[in-house]
Structure formats: C-alpha cells, structure tokens
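What follows is chain A paired twice: with chain B in the first complex and chain C in the second.
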Partner chain A sequence: MTRDGERSPRQLRNLVCERSLLHRADGSAKFFLGKTCVLACVYGPTSTVTRKENAEQAVIEVNYRPMAGIAGTQERQQEHLIRRTIEGVVLVALHPRACISVIIQVLEDNGSALACAVNAACTALVDAAVPMHRLFASVCCCTTQDGELLVDPSSTEEQEAAAVLTLVYTSRRAEVEAARPSISSAPMMSFSSGQCTPQQYLLAALAGREACQRLADFSYLSLHKSFS
Partner chain B sequence: MDPKGEVGGSLEADAFRKLYPHQFYANFLAKHTRPDGRALMQARPVSVTPNAVSSADSSATAKLGDSAAIAGVKLEVAVPAEESPDEGHLAVAVEMAPMSSPDVRPGRPGEAAQCLAEQVSSILASSDVIPRQQLCIEQGRACWVVYLDIIVLNADGSLLDACLLAAWAALRSLRLPSVILTADGNVEPCDDLPQTSSAAAPEGVWAGRMLQLESQPVAQSCAMMGGKLISDCTAEEERLADTIIIIIVDGRGNLLGLIKAGGTAEAGDMIMQQCIEAAKLRQQDLCRLLEDQLSAATLS
Partner chain C sequence: MVAKPVRIAAPGDSVVDLPEKGEVRVGTGIHQEGNHLITCRPGLLCTTQSGKVWVAGRQKRYIPQVGDCVLGVITDKHSENYGVDINAPFVASLPVLGFEGATRRSRPNLQVGDLVYARVTAADRDVDPELVCTDASGKGAGFGALAGGQAFRCTTSFAAKLMSQPQPAILSALGKALQFELAVGLNGHVWVHSPKPTTTIIVTNTLPKGEFLSDAQAELVVKRIVSSMQ
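== the complex of A and B ==
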C-alpha cells in the first residue's frame, strides 16, 4: 500500500536540518519532516528570576508557539513533554541557578509537529553547545482505523488515525568510528492519544525505534557535515 | 554522606528524609516497601462520592490517599457547530486550588493544571467515552454543552488519576433534563415526564435521560525510582522519581492514552506491560467501587 506521496507505511518523509540561523540566539535550528517545519532557538545557560532558579541545577524553560493564534492547553502539554525530555539528557547539575530557555516556533504543520519540534530542539541545543550526555531523536507513528501502522504521518493521516504515538529515543555516538549512532533500547518519552490495543502500542514502539535510528543517522550526518 | 553512601545513624529520620531524600527512599525500596507502609505496586485507599455539590447538574469528589479532586458539570443549551449539526460539545477546565500545594500560586492556571485539562479532555474526546450525538437536542438547532470543571483540592501526586475518576463519576451520574423546543426556536426547561408513563413524549418535548458512557476510562500513574516500579505515587515520590508513566485504559482492555514524559529513566516493553496490567486491574477495582457508590446513592 502506498500513501499520499508514494510512501511506504514505514517510510519517513524528506529530512532537512539547518543550523545557526538566528545570530542573536545562542543556538538555533530548523528541522523539516517533509512539509512540516519547526524552528527552535536556545538561550543559555543564562540567569533567570530568583523565584524560578534552582540552587542545585539548571532550570529548563520551554516555550512552544503554534503556527497561528495563541498557545492553549495543547501547547502547554507539548511544552511539558519537551521540557521533561530535555531535562533527561542535559547535564543540568553543571549550571546551578542558571536557566536554559528553548523557544520553539512551528512554521508549518503537516503532521508530526511534536516529533519535528523535539528534533529541532535537539539540534538547537547542540548548536548552543549545551552539555548533554545523549542526543535524542523523535518520530511519530499512528495506527489507522483498520489497525495499520504508519510511521511519520501527515496531518490528514493524523486526523483519520485511531491513535497517534510520539516517541523519543536517545542516541549516542557509536563506539566504533564511522558506525551508526547507537540508539537506546527503550523510549525515553512516549506519548499516545487515541484508542489502540497494548499490542498495537508495542508494535508502534518497535517501528518507531527503527525510524528513530534512521533519524539519528541523519542528524549525526547533518551535524557532522555542518561542524566540519 | 561518606563514600559508601551511608549516613551517620545519629540523624533523626525526619531530618534524614529532608537532607538525603533519594537515600531515604532507596533504603525503603531495597526492602520492597515505601515510607507510608505500602508495597511497591500498592495503591492508596480510594473513595469516590457522587453528587457532592447540589448546585451543579452533577458532581463528584474523588480521593486517592490525600489527593483530592472535585468535578462538577454544568449544562447549557447552544446551537451546534455547522460542521457537526448532530453533536454537542464538552468543555473541560481544571483548576488547581492555591491551597492544594505549596507550588501552586493563585492566578492564571499553571502548566500542571493546563496539562491536566488537556489530558482529561483528550481522553474523553478521543475514545468516544461520550458519544456526542447523545448531546444533540435537535439537529442543527440545539444541543447540550457540557461544562466539566475539575478543581484539585489537595495535590498529593497521581493527579490525573484523581481528576479522571472525579470526572467519570460526575458524568456517570449526569442526567440531561427534559426540555421543550418552542415553535420560535427557543429551548425551555420543562418538568420531567413521569417515569411510569409508557406513552411517547408529547410533540416538541425532548425527554430527559441519563448520559450513557460508552467506556470507563481509568488512569494509573506509575513511577520508576532507582530501577523499581511503584504505582500511585505521592507528590514527594513524583518529585524524586526518575520518570513517571501514566497509562489510561478502558473497560475493554484498550489503551486510551499513554504518557511517559521524558525523565532520566527509559521504560522498556516489560515495564510498559507491567504498567498496563496494573492499570487494567485498577480499572476493574474502580469500576466496581463506583457502581457500588452510585447504587448506594440512588437507594438512600
């Protein structure tokens, strides 16, 4: 079965990643998943108001801006998910009382916007040289009403889906030079909405891991090229 | 703390708990128990009380240990949206009362409250827990708008579990009242028809009915702490946990949602399956508890 752009069910759309686009920010990145496009920018580690700071570790702030209109409860949920993901990989203990602020602007949403935002945030954090012990990669999967699994859905596929699952796996450099980055065996973030069976979830998590591996390969290649 | 990770025995337990919370919990978890005496996967006592506020159309309170939430439903009549002329609406709002936790400040709802509202409304919407056609009074002319307001009274962890239980209990006991559709398009309240009359409703009267829920959603929060899985965590445990996993299931064993928001621990298939099984058992327990409470309330 083929999808809108002659894609196979497990195929990712075209990936594009641009880095250092905003000269005032400490780090910025733009990530494309097909037509979906998200811009992320990072400020920090910098100071913050006394009320927010933590004496033992850096505080992460995430600001998620939708494509149009003002941010609502859904955007707050995305902020929470992205913030908890970043907190898991950034070495927060290195910067007590500091704040790392991540601003995410959705430029175009054609499905999988949360996954695209997570990928953009990761590249922007690398661009800002924020110390992290792992990188992370994210993909979105969905199960259709007929129970079929689609990786990296477009917005129409997302709307028609029975359940949508966004996964984040962490990745680190391979032990051997020139090998693929090794990816965590289990998701560090996983967020599903809609109705599915536990088996469908486990299958989607497995397919998501394969796709995250491909995405991590791409991110490594892209970062490696742009830094060398 | 000395390099072995042991702390002098002269410290009092309360001071030790404040100064070295991770070590304090690790000591308990190593013995497969928790500071409040629970086993690792044991939940706190639950209570649910339907019809807690008489001014609302229906309401319920839910308590999970010290966590407490109250849900109230208010009904209004509106014109259905053009794209879905035979469906009503559900609007969910969650408020964390300033007294609920030291982290909550009065004023605009914070991230926690907004996340809860989004989660509850997404669970109730996505799974068709409430078939929206039931809220239609007349196609294209009038429908019910259900305002579901949840207030967290005491935030001691596992808030989604408590909020969803309160919401479910409130909606479960919701009765849509009888109304008359007048010729000029107004909707006016009318007395309920006598239950015994088998005759069809007179012309223009929309007979009142109980809202029928298609499934019984239940959320179960689990946390991973030092490689161990614990369920139904308190606020202190949530703060110290490596990651929190929330599973939402319905009565048919389907997943209605799964939220594992980052954190430092990863959750493999085994952990997820353990959480899902725990959630299914929890769903059955809470179903039974709620039905008992509802039948007790109607008898009295």
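== the complex of A and C ==
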C-alpha cells in the first residue's frame, strides 16, 4: 500500500536543513520535512527583565507562531513541549540570570509540524552555539483507523488518523567524528492525541526511534557540511 | 606547541575519559559529564601536544573571558562607572577610574554611543563582566575611546583569526595595498580607521568577506578592488 507521494509506511519525506540564514539572530535554521517547513531562530544568552530571571540558571523562552492566524492555546501547548525538551539538553547552569529565546515560525504545514519545529529548534540552538550536552531529533508517527502505523504523516494522513504521536529522542556520539550517532533508548518527549492500544503505542515508539536515528544521521551530516 | 589536525565536533561528542588522579583544566566548549569530558558546542576540536583540548566554534554572541581585548559601545553613564555593550549576555561595567591618568577630579569625557577598546578583568558567569581601559601596569597602551573611523560586526571566531599569527590572507593583502589602522575586539566587533574615507569603506566592506574565502580567493578579491580604485 503506497501513501501519497509513493512512500512506504516507515519512510521519511525529503529532509532539507538551512543554517545561519538570519543576520541579526544569534542562531537560525530552517528545517523541511517534505513540504512542511519551519523557521527557528535563537537569541541568547542575553539579559532579561528581573521578574523572569533565575539566579541559578538560564531561562528558556519559546515563542511558537502558526502559519496563519493568531497564536492560541494550542500554540501555548507546543511552546511548553518545546521548552521542556530544550531544557532537558541545554546546559542552563552555565548562564545564570540569562534568557535564551527560541522563536519558531511555521512557514508551511503539511503534517508533522511540531516534529519539524523541534528539529528546527535543535539546529538553531546548535547554530547559536548554545551549550548543550546532547542533540535531539523529532518525528511524528500516526496510527490509521485500520490500525496501520505510518511514520512522518502528511496533513491528510494526520487528519484521518486514529492517533497521532510526536516523539523526541536525544543523540550523542561516542567519539568526535564517529561513524554514526547513537540514539537514546527511551524518548525524551512524547506527545500523543487520539486513541491507540498500548501495543500500537510501543510499535510507534520503536518506529519513531528508527526514524530519529536517520534524522540524527542527517543532522550530523548537515553540521559537518556547515563547518567544512 | 603545534596544533594537531582539527576534527569537527558536535555537542555531546565524547572527547576523553578523565584520569583517576590529577588535575584537569577544562577548555572552552568542553563540559564534564560524570567520568568523561564531552563537547558542548559545535566547532573544530583543537588539541595541542601539551594536552590542551578546546572547541573553536563560530558564534555571534560573545561569552566574556578574562584577559580578552574587546570593543564596546557605551550605553549608560553612572557616577562610578560606564555601562558598555560588548555583545555579551550582560552589559559590562567600565569604572570611571579605569583609564590612564584618571582621578576623581579629572574624569574621562565619554558620552553614550562612544566606542571604547578595553580589556576584560572580571568575567565570572554570575556577575556582570568588568572592563578596564589600561593594560596590566596601568598604561593606556592603545585602550580607551576610539575616535573617527567605522566599526563592523563579525563572528567571534573571525575576530580571533584576525588577531592570530600568521595573519589571514585577506588582512595581509589589504594591508599591503592600503593604509589603515585596525582595532579588533574578540567580541566580534572590529574598528577600522584611515585618513582617506574611501579606504575605510573598502576595508569595512571587504574584510568581513574574508571569513569564508581561501587564501588565493582573498588575494584575488583585494587585487580586483585595488585595480578598480585606480
């Protein structure tokens, strides 16, 4: 059974990553998952108002802007998820009282927008040289009404799905310029909507992990190219 | 101390395991995680034979280090110090007495918006950075307010390259063809001054381009510009 675009169920769409495209931001990146495109930019570490300051560590601020319309409660939820993901990898203790702002603008949404946004945020943080102890990659999986698992759904597949699951896995390398990065065994972030059985969830988590391995390979390749 | 061939590091790469005993000093871009050291910034992993390891990355935001020479813009004037923007997370403070020959009776005449070349004396992560416009012995040595000329911003790594020996090809090519003076701030802010305004403009426009050019390309660019001047 083929999906629109003739993909197999576990196949990712075309991946494209652009770095350092904005002149004023400390770091910026544009990430494409097929036609879904998200632009992320990072300012920081920089000073902020006293009431937002934390005397012991940096504060991460995320601003998620949808493609059309005004940001509402759903965008606040995406901001919360992305902020908690970033807080898990950034070494916030190195910059007390500072604020690291991540601004995410969805340019085109053809499914898996949150996963694309998380990938763009990671690349922008690396571009800004914000200290991190891991990199992270994100992918979206969904379970159709017939119970079939699809990785990286388009917007029609997402709308028709019984359950949609967004996963984030962290990655690191055992040595500088190692052949392949290693992905964490458990997801760092998991956001699901809809209904699915526990077996379907576990299957999706495993498939998501394999897809994140391929995304991580791509990210490290893109980073190497930007420095050489 | 010769640097060995560099490798491209991503955040989270394991660098080396810590020895059981002894003292290890951690360089920029390296972080201790449990029993081993990992990189926490992207860039080129540089090592020397004497055992120094650090990550040389390309970034726009400046993280202050004690001893660095930086170029800052005065943003506030207080009774005891000036507030200076050095593109760091926090605004730096430059004491009014931190100039050669300055006393409480004779203060330097600096205004908001002036450019100063200063040295970082305190750069702890919990406090605002502190600057001074003298060298260690109290002499001016080129520090202080900079008048005239034009300043441009670049990445911190390119500024470090401009200060390093041997000089990058773009700088030595421009230096052979034109006459100008340069003040390089390691915070990614560079000041150019020349008696002729055209020279200042040419250097300000050409020098930042040299970051991504090879030596041969840099020399070609400068040759083309100089020949078009004549």
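To be clear about the criterion, the second predicted complex is superposed on the first by the 223 of 228 C-alpha atoms of A that agree within 3 Å, B and C clash if a C-alpha of one lies under 4 Å from a C-alpha of the other, contacts with A are read in each partner's own complex, and residues count from 1 in each chain.
Just so we're on the same page, a contact is a pair of C-beta atoms (placed from the backbone, for glycine too) under 8 Å apart; a residue touches a chain by one contact, two chains touch by 3 or more.
Being a predicted model, the structure only gives us computed values, none of them experimental.
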First, second, both or neither for A:202, with chain B first and chain C second: first
First (chain B), second (chain C), both or neither touched by A:227: second
Which superposed partner A:175 touches (first chain B, second chain C, both, neither): second
Chain B versus chain C as contact partner of A:45, first or second or both or neither: second
Which superposed partner A:11 touches (first chain B, second chain C, both, neither): neither
First, second, both or neither for A:155, with chain B first and chain C second: neither
Doubly contacted residues of chain A, that is, touched by chain B and again by chain C: 170
Residue ranges of chain C touching chain A (in the complex, touch as defined): 7-15, 29, 31, 33, 38-45, 57-61, 89-91, 125-126
Chain A contact footprint on chain B (complex, rising order): 111, 114-115, 117-119, 121-123, 126-128, 243, 250, 253-269, 271-273, 276
Chain C-facing residues of chain A, complex: 26-27, 44-47, 91, 94-98, 126, 128-129, 131-135, 170-178, 181, 220, 223-224, 227-228
Sites on chain A touched by chain B in the complex: 73-74, 76-77, 79-88, 163, 165, 168, 170, 184-198, 200-202, 205
